[in-house]
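In the two assemblies presented below, chain A is common to both, partnered first by chain B and then by chain C.
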Partner chain A sequence: MSVGLVIRLIVLALLVAFLVSPQTFVFVFRPLVRAGQPVIYNQGSLIDLTLNHLAIVGTAMVLATALAVGLAILVTRPFGAEFLALSRSLANIGQTFPPVAVLALAVPVLGFGTAPTLVALFLYGLLPIFENTLTGLTNLPPTVTEAARGMGMTGRQRLMRVELPLALPVILAGIRLSTVIALATATIGSTVAARTLGEVIIAGLLSRNTAFVAQGGIIVGILAVLIYDGLSAIERMLMRRTGQAGRQA
Partner chain B sequence: MIEIQDLTKVYGETAVVDSVSLTVPAGQICVVVGTSGSGKTTLMRMINRLVEPTSGQVLIDGQDTRAEPPHMLRRRIGYAIQGHGLFPHRTVAENIGTVPKLLGWDKARTDARIDELLTLFQLDPAEYRDRLPSELSGGQQQRVGVARALAAGPNILLMDEPFGALDPVIRAKAQDDLLAIQRRFETTVVLVTHDMEEAIHLGNKIAVMDAGKLLQYATPEEIIANPATEFVAELIGGDRSFRLLSLSKVVAFVEPGEAQGEPIDSGANLREAYAECLWSGREALPVTRDGEHIGRITLTELARHAARPQ
Partner chain C sequence: MTLATATSARPALAFDKLGVLIALVAVAGAFLPFSIFRANRIVLGEGRMLIDALDGPSAWLTIAAIAVGILVALIRLAPAVKLAIALAVLAVAFVMIGRSATYLTPADNTFARVSPGAGFWLLTFAFALMVADALTRLRFRPWPRIAMLAAVGAALWLLLWSGAWNDLSILKEYANRASAFWNEARTHLLLAFGSVAVATVAGVPLGILCYRVRPVRAAVLNVLNIVQTIPSIALFGLLIAPLAWVAANVPGASTIGISGIGTTPAMVALFAYSLLPIVANTVVGLENVPEAANDAARGMGMTGGQRLMSVELPLAFPVILTGIRIVLVQNIGLATIAALIGGGGFGVFVFQGIGQTAMDLVLLGAVPTVALAFAAAVVLDAIVEMVSVGGRTQ
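After this line comes the complex of A and B, so read on.
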């Protein structure tokens, strides 16, 4: 086991311990509060907020991946090539709109709560996944795709058996990028009453409780780092398994 | 048998392949030679319809290749390319089993065929079946590439510069392996190369192409003796005598008698015998077959065969 892995496991264990039993960690945060202020977030369960935060991000990412990968596959087929420009601008618009603006625009339509956050994260996540899938599907070794055609695979067989498996590590890199951005962005969702870890940070800001801000920030930060590392490890494993260790993602 | 009739491919204004007609008899090797841009690869790719002809047609055993969907046609034509094109995410066995799987063979039949081919290409199935292509040497990858092309027992094999990425020693071995396997399965082979030496070594007939046109289609002997154009002569190069010698085996020119020194095997070609005479300063070499003395070959006889055919 490498040193890096040991450190990550320890950090994960500490995070779980903190979520399960926050009171144990009072001594860590006490120096951050002024007399009379609560040390540990007391307006809801941290573990519920964390799980809800992850659920919102996860749902948005699954939806964004489905659409972005689907679009990228479509525009790399012979019949879909003419939609390439359109899809690119669609994904670009998603990325250009600041999430706050999306939230502000979505609230009148969707009301307060989880829905506007989901929409913002979904739109914001499209571009990296779309662009990476496009790169993955168009940068395959030409001899391999040529051989697949020459063997007599149909378009669908080439996609499912050769192109997607080989592009998977690159697609995953896009999903990783979007997920990490979404983990951080989801905190803003609490401004429109989505139940995310943003609640903890906002509560801290409103009551000038630095310990609350730190708790919200640290949990989101650790989640982002661990998920980033975890997905990176899966990518490396896929690269090895698909015999592409030498290829650049 | 492959019959190419008046085949043309036009891209924009240029005819990359310009009304080429040729016939490859069943069980023979046709080598298409040309410089890059000569249209040789495009010609070959029109046989399995990776490129659709602008006009003309290809008949395989009398049947028009347009009679069935391209992917079905390609499954019964072996295809091996330069740089092998193995699927990097599939094991050696899965790579070789690609076309059998597409054809719906059952697992037992596919597995048996994979082991047969691996053994034939001198790769121990137990050791190599489950390796990824990245875990093989260049020569091994090339062999697996050809094994994959032959997996479903096609009677036609198309090869695009199959030995281009190999070093000279492995290349010579791979060429001899191909000849042995081609004889065994009686496969009809169309092989594209830029290397005239390779063409002379492998081809029953050689098709020389330049700028989309078929300049000459003839046996290696005929091409060396009577190149149709300046360009063909240039491709053959200056040492035509030696190329001619390399085409015949010692066994055909053995005469009774004795000679001194190290014997030569009757399966060697005349070029090797000639070189041995010169190197060892002998007028004649004893010839053996399977270790038995069967006669001798003389320098005079060799020189006579190196002369321009009359």
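After this line comes the complex of A and C, so read on.
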């Protein structure tokens, strides 16, 4: 077992321990509060908020992946070829929309709560996944696609057995990027009353309690780092399996 | 068969696949409420269809413009023609939404509010899609792109200046807080551009150091990567305490404006987020400098410093600029969050609007932010393209 893996497992264990029994960690956060302030977030259960946070991000990412990969497949087929250039520039334009603006503008349509947050994370998650799927599907080694064609595979067979498996690590890199952005952006969702870890941070900002801010921030930060590393490890594994270890993701 | 005859042999009235999509969205837009009327700024609105939202002639002119637009979208035509028609339809829609507000607002009623409805937004989206498609096909050079952006900006300014939109709800919100708006605009620009400027001054040398000294590279990039994972609102919040301590304990700190809440922590947080893309792109840009260029410079007897200044940095410049572009667009958006910790900026209106469920106030904060980010992206993309011309595309 490598040192890095051991450190990550320890961090994960600490995170779980903190979520299950936050009171044990009072000594860590005590220096951050002023006299009389509560040390540990006391307006709800941290573990519930964390699970809810992950559920919102997970749902948004599954939906975003389904649509983004589907669209990318469509525009790389002969039928959708004329959409390719436009979809690239739209993805580029979409990235200039700040997440807060997307979130705020979704509220009039969807009301307060989880729905606008889900939509904002979904829309914001589409772009990196779409871009990476495009890159993955258009940068395949020509020798491989030629060989598949030569074997008499139909378009669908080539897509399912050759193109998608080879592009998978690059697609996964896009999902990883989207997920890390979504984990942080979900906290902003609490300004429109979504139940995420942002509640902890905002409660801290409102009551000038730095310990709350730190708790919310640290949980999200650790989740992001662990998920980022986990997905990177899966990508490397897939790269090895498809014999692309030398290629750039 | 030559290519020319192949093109002319195509049926004259070929359907455009994207046009079908645009037409569907536009038709949906035409049959949804064009504007929304409300008795005051926070009650639920009632939608008004195009025909009820405007006086007779204006309504028919708008419907005719949309019909022409849909027809042009469906047929394969030269991109330049499509661009001109789509821009014309957008211009009609933008002028008419202002007229609709004037038409629907009863005389001497200062409470009534008229805002754009779903129909207006869908029409705008459909024809903006047509503009985007035409622009993608036309592939303008950088200068014409900047000129077009300036022309669109001037047209919008003319609309605002002429007072044609004065009865629209978003401008009534603006009229009530005009001086605050420009104050927050200044703060927003200061936060976004200031943090990027400081991050560039600090990040490029740090990137050079990372490039030259390998052990530093892993450490610096790892730390910066972790900074990126901290949610922005948490980072803003976490900086309050240390900066308050600095303001209270370091002589002179508070006189130069350092304080726990307000603009300073926002500035520091935006600076922290900006470092990673700038440092990483500097490293990548320097690494991609062709070995041959470096060898030639060495052969000419250049010292390390000379090579850096006259060979490596100029060649890496487009990639570094790309990093600055990413960060600038990102910070224009992130600066809205600064309002949560009293840092000001357009976010003030967004969060006030969310708090009062006054969506026009949200728009007053969100629209300038999006416009600013979009303009910054167009201009910097054009500059990146200009400086990479003749060289390698990164």
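In the analysis below, the second predicted complex is superposed on the first by the 243 of 249 C-alpha atoms of A that agree within 3 Å, B and C clash if a C-alpha of one lies under 4 Å from a C-alpha of the other, contacts with A are read in each partner's own complex, and residues count from 1 in each chain.
To be clear about the criterion, a residue touches a chain if its C-beta (ideal position, glycine included) is under 8 Å from a C-beta of that chain, and two chains touch if they have at least 3 such contacts.
Treat the numbers as computed from the prediction; the structure is a model and nothing was measured.
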{"item": "Superposition on chain A - do chain B and chain C clash or fit", "value": "fit"}
{"item": "Partner chain(s) touched by A:224 [first = chain B, second = chain C, both, neither]", "value": "second"}
{"item": "Included angle at chain A between vectors to chain C and chain B, based on C-alpha centres and rounded to the nearest 10 degrees", "value": "100"}
{"item": "Touching partner for A:152 - first (chain B), second (chain C), both, neither", "value": "first"}
{"item": "Partner chain in contact with A:83 - chain B first, chain C second, else both or neither", "value": "second"}
{"item": "Which of chain B and chain C A:96 touches, first, second, both or neither", "value": "second"}
{"item": "Touched partner set for A:54, first chain B, second chain C, both or neither", "value": "neither"}
{"item": "Broader residue contact with chain A after superposition on the shared chain, chain B or chain C", "value": "C"}
{"item": "Chain B versus chain C as contact partner of A:188, first or second or both or neither", "value": "second"}
{"item": "First, second, both or neither for A:107, with chain B first and chain C second", "value": "second"}
{"item": "Shortest CA-CA distance in Å separating chain B from chain C in the superposed model", "value": "5"}
{"item": "Interfacial residue positions of chain A with respect to chain B in the complex", "value": "141, 143-144, 146-154, 157, 162, 165-166, 241-246"}
{"item": "For the chain B and chain A complex, residues of the former touching the latter", "value": "48, 50, 71-76, 79, 81-89, 98-99, 102, 132-135, 145, 148, 158"}
{"item": "Parts of chain C lying in touch with chain A, wherever the complex brings them together", "value": "17-18, 129, 132-133, 135-137, 226, 228-238, 240-241, 329, 332-334, 336-337, 340-341, 347, 350-351, 353-354, 359, 362-363, 365-366, 369-370, 373-374, 376-377"}
{"item": "Chain C partner contacts - residues on chain A that touch it in the complex", "value": "32, 80, 82-83, 85-86, 88-90, 92-93, 95-101, 104-105, 107-108, 180, 183-185, 187-188, 191-192, 197-198, 201-202, 204-205, 208, 210, 213-214, 216-217, 220-221, 224-225, 228"}
